[in-house]
Amino acid sequence: MFDLKISDQPLNPQDCLDFVNHESTGASTVFIGRVRNQSKGKKVLRLEFEAYEKMALKEMEKIAEKAKEKWPIAKLAFHHRTGITLLGDIAVIIALSTPHRKEGFRACEYCIDALKETVPIWKKEIFENGEEWVSATP
Amino acid sequence: MFDLKISDQPLNPQDCLDFVNHESTGASTVFIGRVRNQSKGKKVLRLEFEAYEKMALKEMEKIAEKAKEKWPIAKLAFHHRTGITLLGDIAVIIALSTPHRKEGFRACEYCIDALKETVPIWKKEIFENGEEWVSATP
Amino acid sequence: MFRKSDNNDNMKINILAFGVAKDILGSANFEMEVKPKLTIDELKAQFLAKNPDFSKLNSILLAINSEYSIPGQVLKENDEVALIPPVSGG
Amino acid sequence: MFRKSDNNDNMKINILAFGVAKDILGSANFEMEVKPKLTIDELKAQFLAKNPDFSKLNSILLAINSEYSIPGQVLKENDEVALIPPVSGG
């Protein structure tokens, strides 16, 4: 039903698509978050992701369960990267299959929004002269 | 900017993801429509897609242009299959990259909704005993 | 054949039919001779009159040279007119 | 060491610190001896009192055994308590 993963290795969208492909569902919706080259106007050299892995997987499962309560999700893949990532690397993939498209968009957006609220994963931006834990301070 | 394609060969999501990956955009949103195994309770053996290809590509480009007017889309891939497709085959892929996720979901949903309104592509469902052009008659 | 001069004024257009429209007409692609300055609305009316099955469809739109036509649009020699039944891509 | 009997009542908990909380504490993982039946609110107050930098953060939540704690929750021997600064995944 759910494929939840936290990994310090590159994430693979095709793995997620293969997992969610399901014969009774016509719509697959996918969100992929990548490392951007700037943040608040400053050039980002790399990002470092740290996770409280055990708890992060639990929280990801809670999000998936809640999404499944709200929408008719057949399968859901939720992968998050940890470690050092460079420009263009994939930080997160959320893929899910639903009978119809509208519920797929809603469910996928719900999951990524919820991830950013509750899943214990932290992102440090490394700039040319300094570094910063994202969202830590006002 | 846009990668528009109509093909009688299997569509490849990774091609679309590769196309839309762009250094200044963190969010890729993807919709994939697949052939389902039933329609209105009847078992579907296969689907046949027919396109007025020249016009379909023009209409797809109009949709992409309109989406780009409404949301800050960096790149957009819009692929549609024609010919005979079987259960699980990909009928359509829409992938696009945006700076942030909310606009990505809106834009992707807009494109697939608009496709279903205006792009001259037709789908025939082949059942065990009969066939039907989808949406043709009340 | 008797009204040769009239016929000479006529113009040739190309018809494309897709999906269920192709099934109704029995052909996907054919030429048609029509009177000069025929509007798209008149052409549509001709099709509907000759093929009552078109009125069973949810809709039938006509495109000229791969653009949706607008009401009153006048046809020109060699125009490509497509019969567009309800689309169902995706 | 003089109040041995008191110390014996104390319990050991494990602290995990992540992100900026790890930077503030200078350590990611350590044991702590606390009084019995300490609540999570009391523990948090201790951390805030000893490390004023925590109050500069947008928030600091505590999890017990990899679940977000609830106010008033009482700690048990060997609990794993994680300091959760504002998350920023995705």
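Labels for the chains are A, B, C and D, by order of writing; each one numbers its residues from 1.
Note that contacts are C-beta pairs under 8 Å (C-beta built on N, C-alpha and C of every residue); 3 or more make two chains touch, one makes a residue touch a chain.
Here the structure is a predicted model, which is why all the values come from computation and not from measurement.
For the pair chain A and chain D, there is no chain touching both partners. Centroids of chain B and chain D (each the mean of its C-alpha atoms) stand 51 Å apart. Here the spacing of chain A and chain B, counted between their Cα centres, is 23 Å.
In terms of their C-alpha centroids, the spacing between chain C and chain D amounts to 77 Å.
Shown for chain B are the residues that touch two or more other chains, namely 33, 112. Shown are all chain pairs that touch, namely A-B, A-D, B-C.
Chain B makes touch with chain A in their complex at residues 13-14, 17, 21, 23-38, 87-88, 99, 101-102, 104-105, 108-109, 112.
Against chain D, the residues of chain A that register as touching in their complex are 33, 49-52, 54-56, 58, 80, 91-92, 112, 115-124, 133-138.
Interface residues of chain C facing chain B in the complex, by the touch rule stated above, are 16, 18-20, 23, 56-58, 63, 66-68, 82, 84-90.
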